[in-house]
């Protein structure tokens, strides 16, 4: 605490500053899963804002042909940083942050299995994120965006080799993601161990909340898929620094091998991102429909099978690489097959809502938009799985539209649903419904304006990752409308931030169970005490609190 | 660690035998198994790269010319799995001294293996001019064998720590499970060697 | 019957893009405006899958909307919990099996098109082209015809009765690129240390545009492709003109000597002279091309002069160095280059 200066002006100020420092210190040294969960989500949203600014700059540059808002160099850095930040520094941390916070509470545990490893995971992520962003100011400085990497978020070889990308920009990408990856693997080990060994009394695997099943699945997936990325990155490091030739095509190496390794990680990774979104929805829709989830066992089975099958689809990112008809056919088949368990989840959620009594508070609003947008995302995904159609669509704005429907229209919307739903539990206060509605509608309109339109440019022949385009291609209107959706989304997110700040101070007090929900986290105070449960409730079914509230008609016999 | 078992025991009154017992003693085992799964995945990629590049080197030296079967090292390493198993077992039964001997033997055997690797690399680099940048064989050989060797080093460090603690009399039978977890890691390292040996010295040659 | 319904649905879904393509607003390379056999085939299967997915969307979105409206909580709601329905094996089996069957059908159709396009046999009359991707331009060679040019691909129109497609072998000199002219074929990556093949079979003459479709570095955006589809006689005339050595215009002799004395010849080839460099585009018939710098600027004498003076002014980061010539030398050189028709 050498930061404390001896020149205090008054005893009150001294007391306040010490308290603030003490509070900060508590957060920095914490190993409490709840605090770490909050830190993950807050840091993740910080990176969301940065990556959103990067996207905004790109959309302004592309609003009309031939603009010079940013240089070609800067644009290439923008799309690289945007993609890398969104996937590794927003999506993964937020999703694992929620897992961190909720899993012990949902299973009746006191913390994760390895609390110090948990803290390590968070700080590794944060360090990696800061390292990546340091690249912006390192090297050439801010103008021209410094040494930020410009190789795309999937960093294809041999563009990433020393010969084609001199300087250290690529190394920032390589090393920072290597570091965050180690943190993610650590958290995955933690979540698997916690779920398998620290369940409270009566919490059998068959009674786990669906969100916990989802986190178990994505953690297991992470253990299998993240090391291949790390391995490929180590190989790239060796190529760049020790003269190895893993991806060095001039020495007989294979550029396609990088793609195989990367996408073997990269595709399951997007399921690691999206499945927790499904987990949120599986918790929220039943509560706001006042009905039990329809088909618990099938949803769990679908989740696990998505996890497994997702390991076999990766080369649908490589249909244009020239793998040959047999391999193209295999991956087309596996890609279409995975649509089945993914699609039927939608039916389960619909069946849950059907015959229910739907309440449309903000969490449910986001879930409803998700249902439509994810349907779109899934169907364009099926289109992309049809290899010959893919030969026209891949590497165009159609793909960009598709995956933004998945990651923004589906994942981000479910994250907001989750925040509105669990914010009362985490903070003890409700978020403002009024601001929530504004946030929701602005986001829905802005998002769809941008990303439905974007399918158009793709189909009209506009490839990705171009900093400008020719005036006579007929792409102007589509790009302009795409860009016009951006300010709405910015305002929406700003309103959300305002909502959080205002509600933290003066939001309506939440109580233990403001939504009349059924899983264990609602059985403790809001916010929970550090030890989570004074007395761990005994779990008698998949909805322990439903059983307590409806002793005449418990879930047990129906399951 | 033990606090959580207390809290769940407190909450568990009223359940009895019908409820799932606390499984907290499995935490360490599941944890190390999770790590092992991740490590298998890591090694698998280097193995795949090695297999893919077999026969694709544009220039020599080629594997058949320069590789010799590391018999001594392999025997040492595989035996060390036996010695570490005996060491962990001895500790669980309370024979701290015996466990210390077996653990030390494990470290010695592992160190011998490493020395063999070092000698082999010296020979490859200085006698045959094979470096990581020489050709695709060098590019895939050194990282694969080196990744394994680095895991041996980590394992030796952990086992060395255990040995020292055993010899200092600081270990008790209650620590047996933790030493067992270290031994599982060591068994994994040995299993990886079996794969590396097969891929590099049998298939690839 | 179902197929036709699917196709109709597909056309409806694709309508906005079709309208945009028919806009007449310049060469919009819409994937729904094909002029070549593989692109036609892709559009066929695209309509098929759009039809299926369109129908699924309408049904599922419709049910979702209905559910939200029908089961929303009314003001007069009693507040008691609705009947809890835990699942139904029969329903869940049905909605698993039906999608699975759709997938099977879709896959079988897909496989047929994959094999049909990829394994299309090369007929005897086919034109053979080798395209080498470079940062950031395309080298285009006709090995059997002895032609080397850049950035513009000229092919003969193909008669469906006796097809004369063009088979293109794709190689890369540096990083990964992707050859894509949407109206002619699906894209195929251009990968170093790997040879890929793609074929086009255009049935309508005209000029079609495309561009590199795999991020390849700084000027990936300015790596345009122009494909000119000629009627047969016109194509033969183009070939003959390209096969000729460089025009030897006596008025430009000073420029030619200057060219030969500068570093130009270490990168560029002008057939019929001493220049036979291979790092840059072949300049033998430079003025027959529409753009300079693979789309960086129209190929006019002014732009050419600016390009030679400092390529980065027109295409920042271009790998051709600025020649830093005096104004006079620049004029002389340009006067020579414009004779290379």
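All chains are identified by letter, namely A, B and C, in their written order; residue positions are counted from 1 within each chain.
FYI, a contact is a pair of C-beta atoms (placed from the backbone, for glycine too) under 8 Å apart; a residue touches a chain by one contact, two chains touch by 3 or more.
The shown structure was predicted, so the numbers you read here are calculated from the model rather than taken from an experiment.
Taking A-C and A-B together, the chain pair joined by more C-beta contacts is A-C.
Of all chains, the one whose mean C-alpha position sits at the greatest distance from that of chain C is B. Note: centroid distance chain B to chain C, computed from Cα atoms, is 51 Å.
Here the CA centre of chain A is 34 Å from the CA centre of chain B.
Multi-chain contact residues of chain A, defined as those touching 2 or more other chains: 252-254.
On chain B, the positions that touch chain A within their shared complex are 3-4, 7-8, 10-12, 14-15, 19-20, 22-24, 26-27, 30-31, 34-35, 37-39, 41-42, 44-46, 49, 52, 56-58, 131-133, 135-136, 138-140, 143.
Taken in their complex, chain A has these residues touching chain C: 71-73, 76, 150-152, 156, 158-159, 164-165, 249-250, 252-256, 289-292, 294-298, 320-322, 324-325, 328-329, 332-333, 336-337, 339-340, 343-344, 346-348, 350-351, 353-360, 368, 371-372, 375-376, 379-380, 382-383, 385-396, 456, 459-461, 463-470, 472-475, 478, 550, 553, 555, 558-559. Those residues of chain A that touch chain B in the shared complex are 108-111, 113-114, 185, 188-190, 192-193, 196-204, 220, 223-228, 230-232, 234-235, 238, 242-246, 251-254, 257, 261, 531, 533, 535-538. Chain C meets chain A in the complex at residues 14, 16-17, 20-21, 23, 25-32, 39, 41-42, 45-46, 49-50, 53, 56-57, 60-61, 63-64, 67-68, 71-73, 77, 81-88, 91-92, 95-96, 99-100, 103, 106-107, 110-111, 113-115, 117-119, 135, 172, 174-176, 178, 180, 182, 185-189, 191-194, 196-197, 209-221, 224, 295, 316-317.
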